[in-house]
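Chain nomenclature is as follows: A, B, C, D, E and F, assigned in order of appearance, with residue numbering initiated at 1 for each chain independently.
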Amino acid sequence: MSARDHAAWAQAPRLPASHFVSGLVYTDPDIYAAEVSEIFGKVWRFACHESELPNVYDYRVFDHAGQSLFAIRGPDDRVRTFLNVCAHRGARLLHQPSGNASRITCFYHLWTYDALGKCTGIPRPVGYEAAGLERSALGLREVRTRVKLGLVFINLDDQACGLDPFIGPALDNLTSVLGGVPLEVFHYNRVVLDANWKSWHETNMDIYHENMHVVLRKTQMKAMPMEDRRLAVFANGHASSGELQAEYSGYDGFAARGEDVPPLPGITSTDFRFVDLFPATAILSRGTVVRIDTATPLGPDKTLLEMRGLGIKGEPDEHRQTRITHHNQYWGPFGRNVPEDMFAAEACEAGFRHGAARYQIIAREENLSGQDDAILRAFYAEWGRRLGRRPSDPLASHPA
Amino acid sequence: MTEAPLEAAGVRQLIGRAGLLLDDGNYDGFLALCAPDFNYRIRVWSPELAKDMIWLEHDYAGLAQLFAALPEHLTRPGRLTRHVTVASVDAAPDALKVTSVVTIHHTDLEGCTSTLAVGRYLDRIVEQDGELRLKSREVQLDTRDLGIGSHAPL
Amino acid sequence: MSARDHAAWAQAPRLPASHFVSGLVYTDPDIYAAEVSEIFGKVWRFACHESELPNVYDYRVFDHAGQSLFAIRGPDDRVRTFLNVCAHRGARLLHQPSGNASRITCFYHLWTYDALGKCTGIPRPVGYEAAGLERSALGLREVRTRVKLGLVFINLDDQACGLDPFIGPALDNLTSVLGGVPLEVFHYNRVVLDANWKSWHETNMDIYHENMHVVLRKTQMKAMPMEDRRLAVFANGHASSGELQAEYSGYDGFAARGEDVPPLPGITSTDFRFVDLFPATAILSRGTVVRIDTATPLGPDKTLLEMRGLGIKGEPDEHRQTRITHHNQYWGPFGRNVPEDMFAAEACEAGFRHGAARYQIIAREENLSGQDDAILRAFYAEWGRRLGRRPSDPLASHPA
Amino acid sequence: MSARDHAAWAQAPRLPASHFVSGLVYTDPDIYAAEVSEIFGKVWRFACHESELPNVYDYRVFDHAGQSLFAIRGPDDRVRTFLNVCAHRGARLLHQPSGNASRITCFYHLWTYDALGKCTGIPRPVGYEAAGLERSALGLREVRTRVKLGLVFINLDDQACGLDPFIGPALDNLTSVLGGVPLEVFHYNRVVLDANWKSWHETNMDIYHENMHVVLRKTQMKAMPMEDRRLAVFANGHASSGELQAEYSGYDGFAARGEDVPPLPGITSTDFRFVDLFPATAILSRGTVVRIDTATPLGPDKTLLEMRGLGIKGEPDEHRQTRITHHNQYWGPFGRNVPEDMFAAEACEAGFRHGAARYQIIAREENLSGQDDAILRAFYAEWGRRLGRRPSDPLASHPA
Amino acid sequence: MTEAPLEAAGVRQLIGRAGLLLDDGNYDGFLALCAPDFNYRIRVWSPELAKDMIWLEHDYAGLAQLFAALPEHLTRPGRLTRHVTVASVDAAPDALKVTSVVTIHHTDLEGCTSTLAVGRYLDRIVEQDGELRLKSREVQLDTRDLGIGSHAPL
Amino acid sequence: MTEAPLEAAGVRQLIGRAGLLLDDGNYDGFLALCAPDFNYRIRVWSPELAKDMIWLEHDYAGLAQLFAALPEHLTRPGRLTRHVTVASVDAAPDALKVTSVVTIHHTDLEGCTSTLAVGRYLDRIVEQDGELRLKSREVQLDTRDLGIGSHAPL
């Protein structure tokens, strides 16, 4: 058999159910709604880096599960997070993406809140006395917030397990990189992709598409054979690799890289490590710099992608410039690597839209070496567990 | 404030031509308009970080390497149309400082056009061997969501 | 208690049900559909001002409940309104927003209609004889139309009560202003807001957000204390205030206002009055000028807003120029007041979208003085009555 | 009776059910979904002209029923069509609208396919051995493809009848025009209309709207009386007319037409013929040139329209230039005729949207002469047959 | 029809600079380019009323008051990018009459750009103390839906 | 590369005025800027056919006929705003060759504006009777989806 007719095409691959995924996971609106409530509404999710809130009362606004939130550093130096809406008539409270506010005043009728979410002022409160409104019951909605290795995580689900049990050992290979010295975000960009959030995150979970990137073909392919690369998968859908290598001399103009600025703690200039946190955060380090990217679903075929680049806080200007150069070589809107992954995510979206592509195959088994699909399988296993659906057949009647 | 008319015309010509050449993917042509010590930079203000960011920076050689590498990269299909209008020309001791407003449209493979980015070109222009040359260009983007991004300079 | 966790946030306020509104009224698609059919499909709604149709056969096209309509002045000088679609194959009939047409000819196959909606011509009618088509049965759909104080109102519901019982006394405090001398529209602009129509109309129903507007803080706050301002609510969801005051000298550049052109009949240059007509029309007068605004829902989060400014018909040029200046000081796309209300409407939309904000509180009781929420409560009572839903819990099973 | 009230307006016309169509056929989302699956998913549909694939391995990408497909000429010179998605992880395979590819390589992980749709290569296949993946089962989805008179047709339904029985004699009056000498596409443009696909196709099925086009009023009206024009309807919803005439001297600047380049085989320079193929393709010839247009629904109110102009393959340059001039006089984005039809399609869309227009009347009976609605009735009869719905009442419970 | 080249260059410079200054919110800088009897007006044709409308009109002092008041107002967040191209320059007895085409983009706080308005600037330009100055500007907007509107001149 | 300043100013003036006249539907005014042997052409590259296409072509008389016929045609309601910036001016033996970038916006009857098309004007300009005249214009459109199309030249 060569090409397939409709019947053959529509048939599920003859593979174990864990080894393929239905295209419906990218397009079905009910599945999307379930993802928003059952995954994004319940997991710990990276919100921002603590260096974005260096001072007391610094705040940072961001989107999560369709809603606007803000993280703010309180007078006790603790970072808390709140829904960014006024308790009075629902107006958005903070309008700038970042700032400093010892008191948060709603522009509309001037209700005020403090950095702990307490409603501290209502103009002419006497008007509410007849109805018996209590100001003490009018605080903001606080969202659970924990900081780990400088990463601010939040969770909309007050009943979810703690951050540490959720992460488990997934971040271990970046512990010294992220936590060895204080880091600082020097790059931030956001872009709305025409792709499902998983199509994007898959570009971070599959390293055997290296051939797609000329810059990786030239700097990574020969630096370490696929067979020697080691992947790790963890509980809760996370994964990582701590032992990848690059030879920057392979790409014209990158040769200087590695000698011109010290690497981050516990990593060398040619090491390449990454961690994928379920559901949609990836943290990567190429020795001298760190990238963090976070996907926020906006619809089955729309995803907000936020990308950060980090260097060492307080480092000399020349070091910072060099790290920025290193960052930009691969990452950012003009990097040699990242735009190609976005292209891939959008191309998969286009393939599954309206049911042309039916299944994707994640059947590579290579003992957790570089070409294994194990990370993708671990991700979809967790996805299925949280939604109570089989990724291979997600519209089948759910297991009871 | 009045600019010398001869220079003004030449400057508009140089900036205009540079835009056409980039649109056409004629990178050799573009480089031929640049001085050997040319510096290219994309600068963007981040209201999130309250900082300026550099998203791309190259000297002449780096830019030439980038242009040479483009055919091997997977890039956004379609075509860019840079609409550049010179807004001010100021004399400075070593170069003319020229600020232009730029609107960049992208036309996809299906022929549909959308606005990709708006911003400014801050150029320094010098005379070399009787010709005006770009000594530096800083692209200041107002637009920060550039879709899948770009390997090529804007 | 200061900030709230999810459970506390999701809980309905401990207030009488009339004193708070669920955010679902702004976002739920079924509620939106019900609003279009049960409210906008059944109420009298302001369409345009009669000065926009000064001559026989003048017409004016507008949108209502998702459909295009046109009002036209007939040879008997009466204004009638029709759906703007051809009886043949459904093509839109009139394409310009206004004009003059003694005969309305459909561009497609040249069927013609007169200003009474009668089908007056079909090319080559013999073709329809076999099927027995009667031209007399092919008139346009006429929509009930009444003019009151120069305001043209329409109603899609042929069974609804008359205009006068619907309005009741709500327009009384503007009777002389609107009806004392013939007025004329000199300003018209339309804008599509990213907001629910009610979020917009609320900016006209709540006057205690005056602090939001620097121009009102400076010209109104001290002109009359909130306690002395009187609000009135009427049957069918209307409301008004006839006793507000402004001191224009409070704002740089506005001082001349009031001495430079005579006020409209029955009002002084510093009086400020407004009427809110259910569901989404507001008429305001600041002594020398009138503003009429009308919201037309386009979707749960899209609203067409039309704004008019009126002066005295036939007045001298200098008077008109001055009235335009007065209009523009507060109103229009570059006014000091109106863009801020649009900002507020969009900010509330952003707050309720995707369920971040859960409830809005309309619990102020101040004896119908300026800070009372009575107008909002009257509006939502009427809203609930028409939809058969409780605003505080609109997805609960409907009362039988 | 002149104008109508709501009850009269909402009532179905007193005509045979075949003689009017409910506006719901243009707007109802369920009807739209049924059209995509039951009509576009099952008919033979024009994809492109064989001159667009002159050489072995030439391919042409196009959209159909929401999906991307490509036609490619195989080494055996046969044209085949495939869904444009990779069997691995669903990425879009071909990104340019046309090109030449002896081997199709997916950009993402470099799986390769040949022009027969066979999967010819998977990098490092050993990774799939454990799971037992067979490369032979991983070919592309082939879609039935037949070429007739140079027209490439495809059918997504493997069980549908053949192309010839589907077309029947509908193309007969263009047999010599299309098949007499090899033709070549010199014009192609695509546009997304804000209209239902049927509103567009109706402009090709109704020739009595000639009055709408000044260019037709001047060149066709007098060339042949409507009464003398003959329409033909065929099984499966097709129709044609082979006996229309034009007098090009009627329109300023068109007089030269007809003497400056030879007509196509079997037609004169002043003949005008057209064929409407169900569901949404029209082929027209004005003696010296051919136009083919194809509508692809993108949504109830969005339609992709593709328009082609054809001349004689290999003809001298001056002939080609003249044919292009002839083409552009009527057709293309700047033609005197086509933009007006697009205007009409969008104006009907606007009329039916949100239910303003309720019915369209297709009741003309004129013995299949030019003003007869027979083509429209034949189209809607086939439409109803395929959907199991009555066009006059499409949401009534379906006949069993 | 030919414009004097010196004036043409100066005019382009003046118009160009004025656009950059407004984009940057440098209102003092903008006012410094205006003559003391400057008049600013936004004129819009209403097809609904079949009338011209004035949406904003200020003299120099009124404009200065407006600029001074802006910080106290709630305004559209984000940034405007005015792309202005001089289209014609005509001599008139008292002033140069200059018509420019203007496209104004808005970039929101998230970095997404959309077209806010298109239209023309009709400027009258005079020479005062050896410098060209704006004597009047009439903004003729084609776009009438301006979203939430604006307190600042376009 | 430097253009003669006098010519540059006149060229910009001519191109600028031509755009304003077309926007205003002043077709007589536009024709008055054209030489008697004027040729107008819209050329579009089709990536589908890998060919150039001509979508409209007229000489002076044909264009005049087209303009005269416009009132009888059903056309896209609303207004076009052509934003044209001269990018390069080159001397050629018989004419100046001028390339401009053009962005065309459409504003519908409700006052909403969208981008209709982007592309270039390739003009040849000659001097006749002491005035600069358009000898030919080739519109090279990047945008291929033009909505319902147009009877009038872009």
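Following the convention adopted for this analysis, contacts are C-beta pairs under 8 Å (C-beta built on N, C-alpha and C of every residue); 3 or more make two chains touch, one makes a residue touch a chain.
Predicted, not measured: the structure shown is a model, and the values here were computed from it.
Common partners of chain B and chain C, by the touch rule above, are A, D, E, F.
Hopping across touching chains, the smallest step count from chain A to chain E is 1.
Ranked by separation of Cα centres from chain D, the top chain is E.
Centroid distances built from C-alpha atoms place C farthest away from chain B. The mean-CA centres of chain A and chain B are about 32 angstrom from one another, to the nearest whole unit. Centroid to centroid, with C-alpha atoms defining each point, chain D and chain E lie 48 Å apart. Of all residues in chain A, those that touch two or more other chains are 95-97, 107, 189-190, 192, 212, 344.
Contact of a single residue of chain B with at least two other chains is seen at positions 5, 8-9, 47, 74, 83, 85, 103, 109-112, 115, 144-145.
Because contacts link the chains in a way that matches no line, ring, star or complete pattern, their graph is best described as other. Annotation, chain-chain contacts: A-B, A-C, A-D, A-E, B-D, B-E, B-F, C-D, C-E, C-F, D-F, E-F (touch as defined at the top).
The residues of chain E lying in touch with chain C in their complex are 42, 44, 46-51, 53-57, 61-62, 65-66, 68-69, 72-76, 144-151, 153. Against chain A, in their complex, chain D makes its touches with residues 65-68, 80, 82-92, 95, 107-110, 114, 116-119, 123-124, 126-128, 130-134, 136-142, 156-158. Contact residues on chain C toward chain A in their complex (touch as defined above): 1-9, 13-16, 19, 23, 202, 206, 208-209, 211-212, 226, 343-344, 347-348, 350-357, 359-366, 371-373. Residues 52, 60, 96-98, 185-193, 212-215, 251-253, 324-325, 328, 332-336, 338-340, 342-344, 346 of chain A are the ones touching chain B in the complex. Of all residues in chain F, those touching chain C in their complex are 74, 77, 109-112.
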